[in-house]
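Across the two complexes that follow, chain A remains constant while its partner is chain B and subsequently chain C.
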Partner chain A sequence: MNKASDGRIGWRELITMLILVNVMVGTDMTPVFLFKLGKNATWIFPLIWGVIMIIPLLALSSLLRLYGDKGLIEIIYHLTGKYLGFILGSGLSLIVFNLLIRMSSNYIQETTEIFLDSTPDIEVYLLLVGAAYFIAKYGFETIGRICSLLFPYIVVSFVILIILARMDFIYDFLYPLEGPGIMKIIKSSVVNLPLAMEFILIATFFPFIKNHRHYRRGVWGGLVVSMITLSLILTIYIIMFDYNQLEVISHPFNLLIRVTGISRFFMNFDAFFFAFWLMMVIIRFAFYLYLNSALFAYVLRIKEFEPLLLPFATLTIIIGLPIENPVKNIQVFKYNLLWNNVWWFIIALPLLLWIIAYLKGEFSNEKG
Partner chain B sequence: MSSEKEVSSMKFLRKLFSSPANSQVSTKKEEKLSKNLDKNLNRLKETFCYPDNQDFKIRELYIENIQREVILLSLNGMVDNDAVEQHIIHPLLEDTSVKESQGLDFIKEIITAKSASKVSSLSKVINDILMGNTIILIENYSQAISVATTKFSHRSIQQSTRETVLKGPKESFTESGDVNTSLIRKRLRDENLVSEKIIVGERSLSKVSMLYIKDIANPDLVERVTKRIKQIKADTVLEIPILEQHIEESSYSLIPSVLYSERPDRAVSFLQEGHIVLLMDSSSSCLIVPVTFCALFHTPEDSYQRWAYGNFIRLIRLVSFFIALLTPAVYIAVTNYHIEMIPTDLLFAIAATRERVPFPSVVEVFFMEGAFELLREAGIRIPSAIGPTIGIVGALILGTAAVEANLISPILVIVVSITGLASFTIADDSLSFLIRIMKFVILGFASLYGALGIVVTFICFMAYMAHFKSFGVPFLAPLVPYYKSSNDLILRPPIWKQWLRPFYTDPEDDIRKKDPEEGFDHE
Partner chain C sequence: MRKVKLLLLILSLTLLTGCFDKVELEDLAYVVVIGIDKGADNGFEVTYQIGNPQVGSSDRVQAEEPASEIITMNVPDLATVRDLANVSVSREVTYAHLKAIITGEELTRSKESLTLLDAVLRDQAIKQDVMLIVSKEKASEFIRGNKHELETRPHKHYEFMSRRWEETGLVPNSTLLKFFPRILGDAGLFLSTYATTKKSKTHYGYEDEYLAGQVKKEGGNSMQMIGAAVLKEGRMIGTLNGEEVKITLLLRPNTVRSSMLASYADPLAKDKRIAASWSKTEPTKIKMDLSTDIPKVDVVVPIKMEILSIASGIDYVEDLKKQKLLKEAIARSLEQKSMKVVKKTQQEFKGDPFQWYLIARKQFWTLAEYKKYNWMKKYPTAEVRVKYDIEFTNFGRQLKPFNKEYIKD
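Moving on to the complex of A and B:
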């Protein structure tokens, strides 16, 4: 009955979803590895990602406009045929599944190590992935709604965090601005581009977005805001701890919330921020769980993918649980063969699709 | 030949695909009244178990002018005897202008009651008697006259007890459909205000009035609600709260999908936003559908108070919403899992008071929260004469004595009483229940996993709320998903800025008045 309650989301939901999911990168253990590469100029990384992302996103955007209500995987199949399409699609699917498992393991370790050291991993795993499953089960629309519902509160808590941490900032830590050298920064940031790959992958859900205008607004707005926010978070780490320390701190965000406090009465305010951080973790899980099931279903051309959520949630727990030692885990993950080659795949895929579409003359068809 | 075959096969197909309900109507003929007065009377006596049922009143009259016997039938206790006397019997016996040739049309001239109509089917006669009409049977006519003489006794209009306000009208609905409708029409003099009557119940008939404003309420919504009410398969639907449970779309959900109110001013304000109001003869309240979180959260006073004051009380209620939901859980989480959050001095103070308490704090909290709920329930059930006592007993025993007996620590009394106080600020009963039940769920998880438990339950609760729909309208609309509205959500703009109807009910006419920016001067 209701015009706007038909399972599709608007730009408000989309933009907040992209921001919340993407900014999480800055609050887990990834910055530790980025700081090893970028030293005190790491805050430039997200800005470079944002600039590089423009080209594939433009290509993708024009493709999505061309094909109306087709999602990313459908476009891949349409343009590259059955076999190549399957390879490309399953490549994406594998990357996301890998990320989901590594990520979940990483966050769960972080939660249990810092806050709930006596709670067994499996219970935390069940709770977090269970909550993510619960949200994802209600569909993409609900994930979007929960994001836009909680977004203002998360922003407020983030602003409070910055205000509280402000006293300890030493701005001199930012200099010299170019850090290890411009070329090195660009090179190492490009390799880590997949940390912003949500903006490409969101195209999978294009049929769930109201129209192209909402998509454009959501993705571009989300890209700008989340890259600036990520850069801000990295800057805060640098001016708070200095990059030398950051290379040995394993959980910079959790340290940040632990050292901030309100006057001498509330010295430890971290559980408050931890609650908001957990909300974002669950949202990110839900998003990736849904994305993973959707990719898998689209690649194998299964119509209904919501029944796949439960098997994937279970798989995530089963595979993710035995991974010990998160630092090693991230290291293996970041520097293995797959990850090192993901960045060009992410950039090249939209461009490749666009070129194929151009050569096939699909764009001229539309004009004619 | 072949065409005949075709026709017969068509008939067969039609028979096959027509629904059983349709075929029943076509086969079962409605019983008509006969011309024979005695036959009609006996038939009705049989229906109403006459000699046993003393409430079935039969009064025989003889009208000289037309030289016919006339019988008046009604049920005792449902009709206004004075009206029958004055508007039916008196004119019938004394008016001399009645002529034979007029037939039944003499009702036009003689019967002075507020409404009268001709009836020919027996079932309609029975229904009308049950509704409190008086039936006039006349010799040699196969039609009867049904005169509206219904009168039930009911309370007079009194002050609202559930939804009290300091500023604004005080009157509330009472147990009479007519009075309730008049309370609404008094406030809303709109020719488009429609009041549809739907009969529900298979044994005992009750009348549900569905009110909406024709050019505002969305026709799809009206149809959906009508369908929902007509679907009810029940012997009787006695009261509005029972109707509420029949029409709601998810019975097991904690979240209410219907708003229950006893204030006519509230019903009117919802009508103007394109909602539908349901009234019943026997109930002193109305149902409003569809409902959103904001509708449950608001009170009429928010709009009656000036902008700043109204927003202030809303903020207080928002805070108390979270206090009522989370305080016990946060207390448990902080004292058991995140002790470093408590300022050191306070921590020592708490530890000192807890020193002599033998139970873990989780047990204490469950004990006290349980006791509080007990007190609350007892307060409602207790006869009002001894009501004040319960407060004293409760406060004494559960507060001071429990602390002195080392059952609980003093800080817990503060936690529980502030939670209870906060839960009383939630205006709507259903929302209050929702919070009270969720409080225990969140408390349980918090005692197991600390902040993690709170977050997990809270976010799942939020997701469920975001997903929930009441008659097709998202529960958290227009917040998420976003709809254009007057932004009367948690806070509200000044009244003159509220010129849009909320779009989530998909109203036919979106705009209340012109954009004020163009019109008046406001500073």
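Moving on to the complex of A and C:
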């Protein structure tokens, strides 16, 4: 297995990276806001995201095959020209930067609020973003390697969590099946589609992936696995706590790991899961930090983007730190321009690119 | 680059050592039981039972210390009491090993009862598997009166008791995890463990027809825990005795009990009892018809039974006809008792403690329809039919009873 590294990753790294980064959404405060919309049918949301994602992903996939060695931003520039390309690219870049800041502040506040009461936010911020920076600094391949290394352990800890929590499950909490009604479920899940936007954005790194076959395998496999896992996590919350309570509590994941324990000998078992959770937080930070720097560099056509990691890490801390509390954070994050319009942007962008490519006749060029 | 590395090294020294949240085990006071009563001026009277980790450990040097310390304070709300406790407790109070929350009956019956638990849900340190107990007297008196001499350490006492309850079914398995969905769902009654340390008028009944304090018993701990306090919308509205709790648990859809002991009237010999141990290993089958305004509920409870003793000496074992007779008699008596409990909940409590609302939820497609149906309002008018499906699985080590006449001869 000691192949010389060429800076490119295979489908194994890609699939684990996508799963770890995406599934994290289920363990922070996001589900609380989803449960307000979806009630006891929230578990359907990820499945709907998965289905909707198919169309833009297909479009994107055919574009990537067409252009071989180009990433998402390069394709945007190539197809839409200098000015429109810049607008679209910087749009994506801003969305990711916004997400990075909101997300980091959210995780850090969750950590300090629940586990490390008296530790100042800045310490945790420095530690976690610092660790993420170090991982990101070694490049995309390293992030992928770390993901594929950690993945089995995280799966095992997740399975242990399910086994320990299983005793208290009441499956009847899933009924009535439609919850707030089919239309409402579809509507609110589509609006929250950006929670799965990693699958589109990963196309930015297409030049770092071995070839199109690896990309296809990684993205489709990752989409299926992580949407099902996410759905499973939401289902566990529902059958454990019922939707009424989920609308009131703030950290369902934390509550879940606190009820588990191994008989009467290991009553406080949450620290075990906390360790794995922290690792995943760092991976998610690293991924987004890298993505953000890469998008920024590609949009501005900077050749080397790795020197940008440190400034962006610093910027994340500086902007994220003054945010007062996680609720305010998510409320602002939810109702601002950079989030409310993301869902259609995410769907429309690949389709738009594909249509432009089609009209320009790029597909027929390939054949001919 | 070297400078950067040096800087990072120094940074990691301050960051990674993690001294901010360092706590020595010695510095903490572990609250094992919290008792809450009504206090003066809309406040609460909070009682802490703080465990002493030194007692019962191998470190026997200062074994003369008591196993726990009990303090009671008057406070305006539950959250601030932790700091106030330090007026006399020398360590930082922590809820990490909290086992039980005990509320006095007076408080539980009052309006404040629900708002009080808001503080409990908000508190990060309280785990959801904490037991809820309602004490007949004031909680502070209960905690002081509960003298568990064989398990000197309080956490062990509550832990062991709760594990036994899960098997005997004389008290409901009432934890915060079960409490919040029930109360927030506003669909059913919550049963909380009922306990007392005061003796009330004792009477003689069959093994489970008691409420806490009514069991005649000599010696041992004066505490008695049997029966349940019935909570509707977070407020206590009545009690169920041990037998009624047992039946309630049987009628619930998901409960599984490994073995409970009970005795039944002998169908052929008056005044004689037949003792049996029974278990419920399968979920209760509940069918519901909610098409009309009067809900129809059909319940079939599968029970596996083991005969332990036959006082009358009649052969119910090898004679299959008599076996059938016994089966029917036991089923009938259980059905009658169940119907009595159902009537009681319909007329007296006007709410359903059987978690049938879970089954009712299954009958609808959307939440809006289910909420519109309003199970809480409809339940008191429901037509309920209960059937017991009994299987004799075992007759102990002895098949036929002795022939007493023959021995006497």
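As a working rule, the second predicted complex is superposed on the first by the 364 of 368 C-alpha atoms of A that agree within 3 Å, B and C clash if a C-alpha of one lies under 4 Å from a C-alpha of the other, contacts with A are read in each partner's own complex, and residues count from 1 in each chain.
One rule holds in what follows: contacts are C-beta pairs under 8 Å (C-beta built on N, C-alpha and C of every residue); 3 or more make two chains touch, one makes a residue touch a chain.
What you are looking at is a predicted structure, and each value in this text was computed from that prediction instead of being measured.
*Asks:* With the two structures laid over each other on chain A, which partner does A:227 touch: chain B (first), chain C (second), both, or neither?
*Replies:* After superposing on A, A:227 lies clear of both chain B and chain C.
*Asks:* For A:113, is the partner it touches chain B (first), chain C (second), both, or none of the two (neither)?
*Replies:* The second partner, chain C, only.
*Asks:* Quick one: classify A:172 as touching chain B (first), chain C (second), both or neither.
*Replies:* second
*Asks:* Taking the superposition on A as described, I'd like to know which of chain B and chain C A:269 touches: first, second, both or neither.
*Replies:* A:269 sits against chain B, while chain C stays out of touch.
*Asks:* Have a look at where A:123 lands relative to chain B and chain C in the superposition and call it first, second, both or neither.
*Replies:* After superposing on A, A:123 lies in contact with both chain B and chain C.
*Asks:* Could you tell me if A:356 is touching chain B, chain C, both of them or neither one (first, second, both, neither)?
*Replies:* The answer is neither, since A:356 touches no partner chain.
*Asks:* One more residue to check, A:202. First (chain B), second (chain C), both or neither?
*Replies:* After superposing on A, A:202 lies clear of both chain B and chain C.
*Asks:* Taking the superposition on A as described, I'd like to know which of chain B and chain C A:92 touches: first, second, both or neither.
*Replies:* Touch status of A:92: no partner.
*Asks:* Return the residues of chain A at which the contacts from chain B and from chain C coincide.
*Replies:* In chain A, residues 115-116, 119, 123, 127, 130, 267-268 are touched by chain B and also by chain C.
*Asks:* Show which residues of chain B lie in contact with chain A when the two form their complex.
*Replies:* Where chain B meets chain A, its residues are 218, 220-221, 224, 333-334, 337-338, 340-341, 343-344, 449-456, 458-460, 462-464, 466-467, 469, 471-474, 476-477, 479-483, 503-504, 506.
*Asks:* Once bound in the complex, which stretches of chain C touch chain A?
*Replies:* 11, 15-16, 18, 20-21, 96-97, 121, 124, 127-129, 159, 163, 177, 180-181, 184-185, 253-254, 358-359, 361-370
*Asks:* Sort out for me which residues of chain A touch chain C in the complex.
*Replies:* 39-40, 113-120, 123, 126-127, 130, 168, 170, 172-173, 175-181, 240-242, 244-245, 248-249, 254-255, 258-259, 261, 264, 267-268
*Asks:* Which part of chain A faces chain B closely enough to touch in the complex?
*Replies:* Result: residues 1-5, 9-10, 12-13, 111, 115-116, 119, 123-124, 127-128, 130-131, 134-135, 138-139, 141-142, 144-146, 148-150, 265-272, 274-275, 278-279, 282-283 of chain A touch chain B.
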